[in-house]
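So that you can tell them apart, the chains are marked A, B, C and D in the order they are listed, and the count of residues begins at 1 in each.
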């Protein structure tokens, strides 16, 4: 009765762990016909890959991603490599008829993304991109409240993703764990890494972004490259802010940086509507702030909703009211939703096509920052 | 048309300042027929008293409180002395037919308080006690919400008043500014000083307290006395907790201390009803926390009401929404309410009689702490 | 090299899920020689038990707990039944030489607990009680800060565990999920269920409690019993407050209720020392509040520590700074710590003996509430 | 010994009240040789002006501002009119040798501001602009911490001023209380009204802003004009965001709106440095958030400083620790500081010249929003 979906995981770094945990845990908490099977994991270092396989229960290992795609015992390819490999792997996997779960951002740029979308749509394979923050229960609740029309006309959307882990000039660039500082591998800095999350959620909650004006900065100009051992120019953006217009007439303000001392991973979003407003913050991800103008005037206020009740998104599958879940659950939810989408024969958002829109905005932001002009982003 | 109420202020320490500011400011923000006039201030040190009079605009000074009461140009006596003098002054003032505004607590103990009540009621003079925290707009809003029946049946009331200013063993007792550590002058420690506030608000919001069990402690056993220069036993309570039953069937939990490192003046109160709950905290006195169970289940949460709107208590007389007021305004409100009560010929709560109830609870708490028994408090 | 510890789980309700998740997840995140094996689960309803076994991967099922204890392929018995069965099962398991992991509270009362302690100590079997909140990273960090001496002399300890799920008079008592309202099965109400957690943490962090005065109330006097279908007296305590003295000279204030509208599972604790204070709150379990008096006076304040860094307890095994974990992780940590204690041949706190102390306090609290006297609790 | 500074107040609307309160209260709490005297107030409606004079104790009234300037018994002119009159009045007052206290923003635009600066500098009259938020104790403490070098190299500055009072399309524009919606009188919308505050504080705390890219919007295109009774185009900006570069290499992100449902007057600022960060929020103006990277790593966190201690800016003149002040006190502080600056013969910041810099940024922001280009702002 259970329909196994045999996973071939390519890459077993930080994201490999979060996804593997998603596959391991989803069946413990969510009932779906399709269920993931930890089939094969692929990495360049055999010993480390085998250790990872042992820890998570993968049946096989591979050291070349092309072999994963060739295997008949793999139904779905999960791409957890650095960004510069997403396109090549995804296109090959699509051509081989595999389902694809691709880590965000979709691609190095929109041009690559367009080819990836074409490939999966031609192959008609189920596909999704791991913009996991959509599946925080509080964020999903925000989506529900917006879809119910509780906010009315929207005036403002703002988002931040603030970190502080690259402030030290002694931090090298490149190599395992630090490829995010190397634009040849990452595509960009905070824009593709952090703002991509903000943009994905924003477009999902508030519709398309039509034009942008942006500002980027690289505070530390040179860092030792792990692979060459030499001081090299830093080519990523350390910080990026942009202003934008949404198709629905609202205004956007976005900011991201890795130089905001005191903020470890402060992804915040806020949306202001005529009748209600919503705020959320990754540092307390189990809470949603909500202001309802329709309350009696003397008792109006921002409400801190502790999103742990059975009638709130995903929470009926977890514990009891008051008991919070955490970061890794967003991946468990995405696995469960992907399996459910297979049960129902529907797409699992965000698909490659959905995520291409984020890519257009990222490209426009980077272009605007470079040429100091407003740029169309759609 | 304006009816002057000429004030004779006895004592010009910290509370003398808060009251004087109340008299100075009330007419700037509240319109009443009766208006206070800063007539005379009384203190033992002439120079300091004159300086105080100059700063606040008092017309005259006295050095003996009995002279204040004798003056024909004084309509109301304001008692700001240490606690041990409240009864004698109040009874004399009542006999002289003066209105009386007495700093809290009413008295050293309930026996004294009973005589004071008898005196003002015999003389039929307007009287009030400065339990100023009732007149924080957020607390008055809590009263309004309770009176509107929004909470339903009450289950719990809890309050704390936590400070940390007497932790150092080097702090002396007695003398100006430190008489609160000398039980001969203060009557008791935190129980009469801090818990008296908590009890006053509790009885006002939630009705009578019928029985108590209490625990007190004096952490520093000896301190140098300012007046004798010698180490003497500390006879006040440094900390006091008590549990109680209210007449309405709800349970109470109260705690106060001057040894809670990190809390400067953290007076909190919370009341839990069947349909709604309320929390308040002196450290952010302009906010009221409110939980309404009648909200849709998915969006239930504690709401932080920024009490600065024109339709919230007292705030129509101040600035515009979002702009907060502070501590001293509670005294301004009490002056305004006292003047308004004269306009209307009604009592200004808490009257001496209202405050006597607090005194019974204080006595019961201190007795229970001493004899380790439950005590009736009404 | 791995040393399997084959688990026999008795009971598969809410706690059965949390423990099973602990066994499933601990090896994914913590490296220990001993590793748990989901061997057998026991429940009265075969179908439901099998479904649970399938979901979590237990190899076998049983319907009589005595059979679990007889099995040679079970190394450790995990007791997840209602409280009234803890003693009998634990003693039998000890006699059979099994390791025991017992859900809290240890027992219905201290007398039972003494027998359980005697049994495990005679049998010399590893044993632990699932007071899981000790293993919240923020709480473990509090323990570390206290052990480092950062707080200095302690003056106050206070804790609350506030819920609101039994306010409706329509809620029945007894039966699956509601046995906590039936004192014949639960032993007591909030005292054994919720305050037991508060007491366990308090004794661990602040040392022994020597005497108590308590107040309990049952707000809803009769409820339909699920098993009889009849209205029966409610014999549990709906709410309980107590004041106490600790052996170290500090004062305690504890409160628990299931009638605090707006609080789902608000377990808070605070400890005030001469030099520093700590606060924690289960509703935001990934944060620790810390006040350090040794900071420069102008910048002193309560600090909200987002406990997600690699050098904070347990967090090096999870994600990256800023990414929070949740409730279920406390059980994963207890499994990991139990396995580690086997590796090292040391006890895993809290042992049965540790937890017996909590039982003495619980008994004293219930006795004090009944006889209205202070009671010794040690 | 006291040196009276006789004030001529022009305009008695909202700002007339805040300034009058400043003059009335400053001498009660701050000792300065120079002391303000409430000499004359000027308004077009005699009856209302007289009522205002009576309430605040002004000795005289005028109905033409030119008469105020002519009076020999006026030492200082306080300009509280709508913005379009600032320049004319200020220049005339300077020519008459009066000290000038001008409500913010300095002027309708930088060109006007330059003339005003020239006039006061030529006349050598003491002058100041009421950017009152500099004088919130928490903001002044931020300045102190920055000046002490605690933050190190600065990377980011961000500020918001969010309101929600003009969302209703039924609100008219123009006339008393609503002139802020009429660009002919106000100069601009949120940019000159709200962002001007943010810019003033930013430049003071973080140095000059060199270039900007901005986005403005007018959500409600037409409103009935109070004076004509007709629907007219709304020509102010309802919302404005801008990105900028500071001379010190840091990046800025600013936003203001009157359409952020749920925010009454949420002025927030944050500054991120290499070693520390600071946040502040007008809705809880008595608190400063501070993150110090130099703390031990396990106890790093954002600290909420309750700015009410005697060694924190201005607070030694108010109450005792834990007791907060509010909005109006910023004006009292500015009066006290102006008087003190006269005592010392030094300028009182922000002077007209200081505020001209804000005017250049405002102009650049509005220009950028119009032409969709980056603009130099200095």
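Here is the rule we go by: a residue touches a chain if its C-beta (ideal position, glycine included) is under 8 Å from a C-beta of that chain, and two chains touch if they have at least 3 such contacts.
This structure is a prediction, so every number in the text was calculated from the model and none was measured.
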item: Reaching chain D from chain B through chains that touch each other, fewest steps; value: 1
item: Chain pair with the higher count of C-beta pairs in contact (A-B, A-D); value: A-D
item: Label of the chain whose CA centroid is most distant from the centroid of chain C; value: D
item: Whole-Å gap between the CA centroids of chain A and chain C; value: 36
item: Gap in Å, rounded to a whole number, between the CA centres of chain B and chain A; value: 55
item: Length of the line joining the C-alpha centres of chain A and chain D, rounded to whole Å; value: 42
item: Where chain A touches two or more other chains at once, by residue number; value: 263, 302, 306, 309
item: Touch-based graph of the chains, sorted into line, ring, star, complete or other; value: complete
item: Chain A-touching residues of chain D, taken from the complex the two chains share; value: 155-156, 158, 164, 167, 213-215, 217, 219, 239, 241-245, 249, 251, 253, 255, 257, 259-263, 272-277, 291, 293, 302, 372-374
item: Complex contacts: residues of chain B adjacent to chain A; value: 141, 144-145, 288, 290, 292, 295, 297-306, 309, 311-312
item: Chain A contact footprint on chain C (complex, rising order); value: 14, 18, 20-21, 24-25, 27-28, 55-56, 163, 165, 263-266, 282-287, 306, 308-309, 318-329
